[in-house]
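Presented sequentially are two complexes of chain A, the first with chain B as partner and the second with chain C.
Up next, the complex of A and B:
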């Protein structure tokens, strides 16, 4: 065999290897989705969304009688909803403002520092945010609460929104800004009426992704919101969320059959947010 | 007149608002560091900074309290290194697939969607899957008796960081100028040779930085590792051994800890924070350098 044929074969092999290993990457996704769907599907019912989690005692009785476990994950759903609302209400405006600042004041030393700090915050493991917020909120308030959980989620969410806002504003042409200012628009009007609406699609995508990221957080919630077995609407009280329920079901052998159904609900919610953010970004792409 | 005098002040308020929001970010980070430091002072004071890091004892018997971070530092470095090794043979092909071989094709957007979704799966679900699906496989293969351990945890961690390493590497591979590749082709290079002698040398530093950032993610991953590593507090002697990472020891013991033990956990959190911050900043600096080229 001459060297040219050998080189071509080698190149082909690399090509096939790349396709093969890329295809392998899809295996875990399919395996995880499949496992969660198959195991979780049969427990999903209307009461799964309206009832709070059962006690271990109820579950043990149901298990011994061979009936399905009563109750659902409503306490977690309410907690997820409330904590997402509270953290979004603060993190989204603050993040968009800070992102706008970074995009507008490019190149100064101060901006660079803020930018690096944002990266540090983004890279901070969520468990560390949990222990810090424990010291900030849980200790002074003398108790676990949904507020504490939301503070942890806010800190997680901020860097994501800052980054996406900054990146999308930077993509806008400066002529847009100049046109608005030339028409006599004030600076705040230029930002609020022109810049942010023009980049709305991208910013919105970033917000959805940030929400989907924090919706699945368990570690910081365990030390801040603690969890609650009843449906809790009072945000100064301990509260559960869906990932936390999954963690509790995992640790409680009696509730094992709820485990996969709760995972299915969480996975569906998170992936739906993910996919819709993708669709939106495709639709509203900045030209 | 009225409007004109009113405009600049509103303008100013808005500019200040933007500025203040950036100050808040700085304050948040500064107070995070401050509270980690103040809460870990008593542990560092009791054991000394270096003795805390290099001691491998972790006992919370009353009267004989002794805490050292070495087993968890070793556990973290071991799982992260293994996860990185496992993730390279998957993320590099994906990056080349997306950034070079099938660039811009429909199949590529399909593959990116798959990796994006993989990145979106909550870590507690990765942990569940690892525990109920992967762990029995590890047991059946005879790799370890109980199935949990460094190896199992690193494998799932690798799956979790593939999307991050792959998507960023793909961005750099896409940036390789077509002229360079065409020049190589015109001299008779095969595609494989273009990849090895043009693409990798050109964007090697970018790909490297992508892996650095992936390391940053793996360092702090908590739930998955806690569910899979076996949670024992000694230095792991082999890769199938059980252990604990810095994140998983905090997750395991923070809820029941107080006094010196709590402070020791904060000290571990501080070390982990410093480690991830340094890794992330190095990664970002490398990325900026690679992009300027």
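Up next, the complex of A and C:
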């Protein structure tokens, strides 16, 4: 065998090895999706989205009679929705401003400090944020509430949005900035009217990923929003969210068949956010 | 420099002892003195790294965007000291066209033309707006090509069209001077020729200072030429004289292709 044939064989082997191992990384995801869909699908119905969680008593009766468990996860859905809305309303503008600042004022000491703190915050375990917000918000307000839950989620969201905004703006060509300023544009107008719109697709992607990231948070919510068995719209009251319900269903033998359905809903929500972020970033890509 | 044709009072910009330094120990543009004639095309030529673009960007004070660049000397725009003016006002009167076409990617063609107004916080009414868009696009010969697609993104145009859009964007504010930094170096020969013809027409309304690598281009379109070498202005004068009878040996060897 001459050396060329040997090299071709070597190259082919390497190629197939890469294809094989990259396919292997997709296996867990497909397996998870399949398991959750198969186990959770049969419980999904209209009432699953409109009814609050059943009590153990209702579940036990249904189980003993062999009927499907009444109730749903509406209390968790409402909580997830409200807390995501509240935390997004504050974390998105704040994070975009901060990220813009970091991208625009590179190299100063202040920027480096803020940037470092952002990194540390991003690496902080969420359960610790839960404890901190418990001490800062729940104790002074004398009670668990959706507001406290949102504060914990804001702290989790901020570093994600700051980083993605900063990176998106840094990717813009400097010619955009020069073109705006060469037209006599003021600095603030250049940032608001040219830079942020040009990076909008990327920034929006980062925001969606941040939302999908915190949508699955359980630990900080148990310390702050506590959970609620009824559909609660009052944000000063304790509230549940979907991940918290999954945890409760897991801990209650009577409700375990609800576990998979709630997981399926949460997984579908997070997956939808991820897919839309991909589509948006593709559509808004700057030529 | 003896120059009987160009009278001092016809000069729009006078540059005196201009120095630009990126680092403390080296002048990238060194003690340049030159007069820029009104409503003419002035070409700045020279080999790579000779300070052509650096000189050009000093005129609309783009160097202030970056830290650590030192600019000294005097520039008078119609007798007013450019260096002590508000940079925003300077840039409204001295427009710029860049090497690569850079229309704003999020804006439509019409919005790109109006970008200068928008960035300056000016809001002309709809009628004025339409007039400005049409006038600017007509003056770069783009109106007939894009009048039905004014709301489309500027980035869908061809490279040459994009560059003409960028010229229209600079013209919309009716500046006195337009600085052009190798505006055709990213374009094909046909688009280049269109832009050259356009510049020759535009000089009736605006003074053009163009940096070019292309000696043929300088000869075809400019009335006055500057030759720079290692940061210094080696020679300047009417383009015909500079090309036919260069007085400095560096200019002669650049024009004959020995340096470049």
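As a working rule, the second predicted complex is superposed on the first by the 263 of 287 C-alpha atoms of A that agree within 3 Å, B and C clash if a C-alpha of one lies under 4 Å from a C-alpha of the other, contacts with A are read in each partner's own complex, and residues count from 1 in each chain.
Rule of thumb we're sticking to: a residue touches a chain if its C-beta (ideal position, glycine included) is under 8 Å from a C-beta of that chain, and two chains touch if they have at least 3 such contacts.
Everything numeric in this text was worked out from a predicted model, so none of it was measured.
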Chain B versus chain C as contact partner of A:186, first or second or both or neither: both
Touched partner set for A:169, first chain B, second chain C, both or neither: neither
Partner chain(s) touched by A:18 [first = chain B, second = chain C, both, neither]: first
First, second, both or neither for A:7, with chain B first and chain C second: first
Partner contacting more residues of chain A (chain B vs chain C): B
Contacts of A:156 with chain B and chain C, given as first, second, both or neither: neither
Which of chain B and chain C A:138 touches, first, second, both or neither: neither
Chain B versus chain C as contact partner of A:223, first or second or both or neither: first
Chain C-contacting residues of chain A that also contact chain B: 186
For the chain B and chain A complex, residues of the former touching the latter: 7, 10-11, 13-15, 17-19, 21-22, 24-26, 28-29, 31-32, 35-36, 39, 89-90, 93-94, 96-97, 101, 111, 113-118, 120-129, 131-133, 159, 162, 166, 190-193, 195, 213, 216-217, 219-223, 227, 247, 250-251, 254-255, 265-266, 269, 272-273, 276-277, 279-281, 284
Residue ranges of chain A touching chain B (in the complex, touch as defined): 7-8, 10-15, 17-22, 24-26, 28-29, 31-32, 35-36, 94, 97-98, 100-102, 104, 110-111, 113-114, 116-132, 134-136, 155, 158, 162, 186-188, 191, 212-213, 215-219, 222-223, 243, 246-247, 250, 259-260, 263, 266-267, 270-271, 273-275, 278
Chain A - residues contacting chain C, complex: 173, 175-186, 189-190, 193-194, 197-198, 200, 286-287
Parts of chain C lying in touch with chain A, wherever the complex brings them together: 60, 62, 65, 88-92, 95-96, 98, 100, 102, 104-106, 115-116, 118-121, 155, 166, 169-170, 173
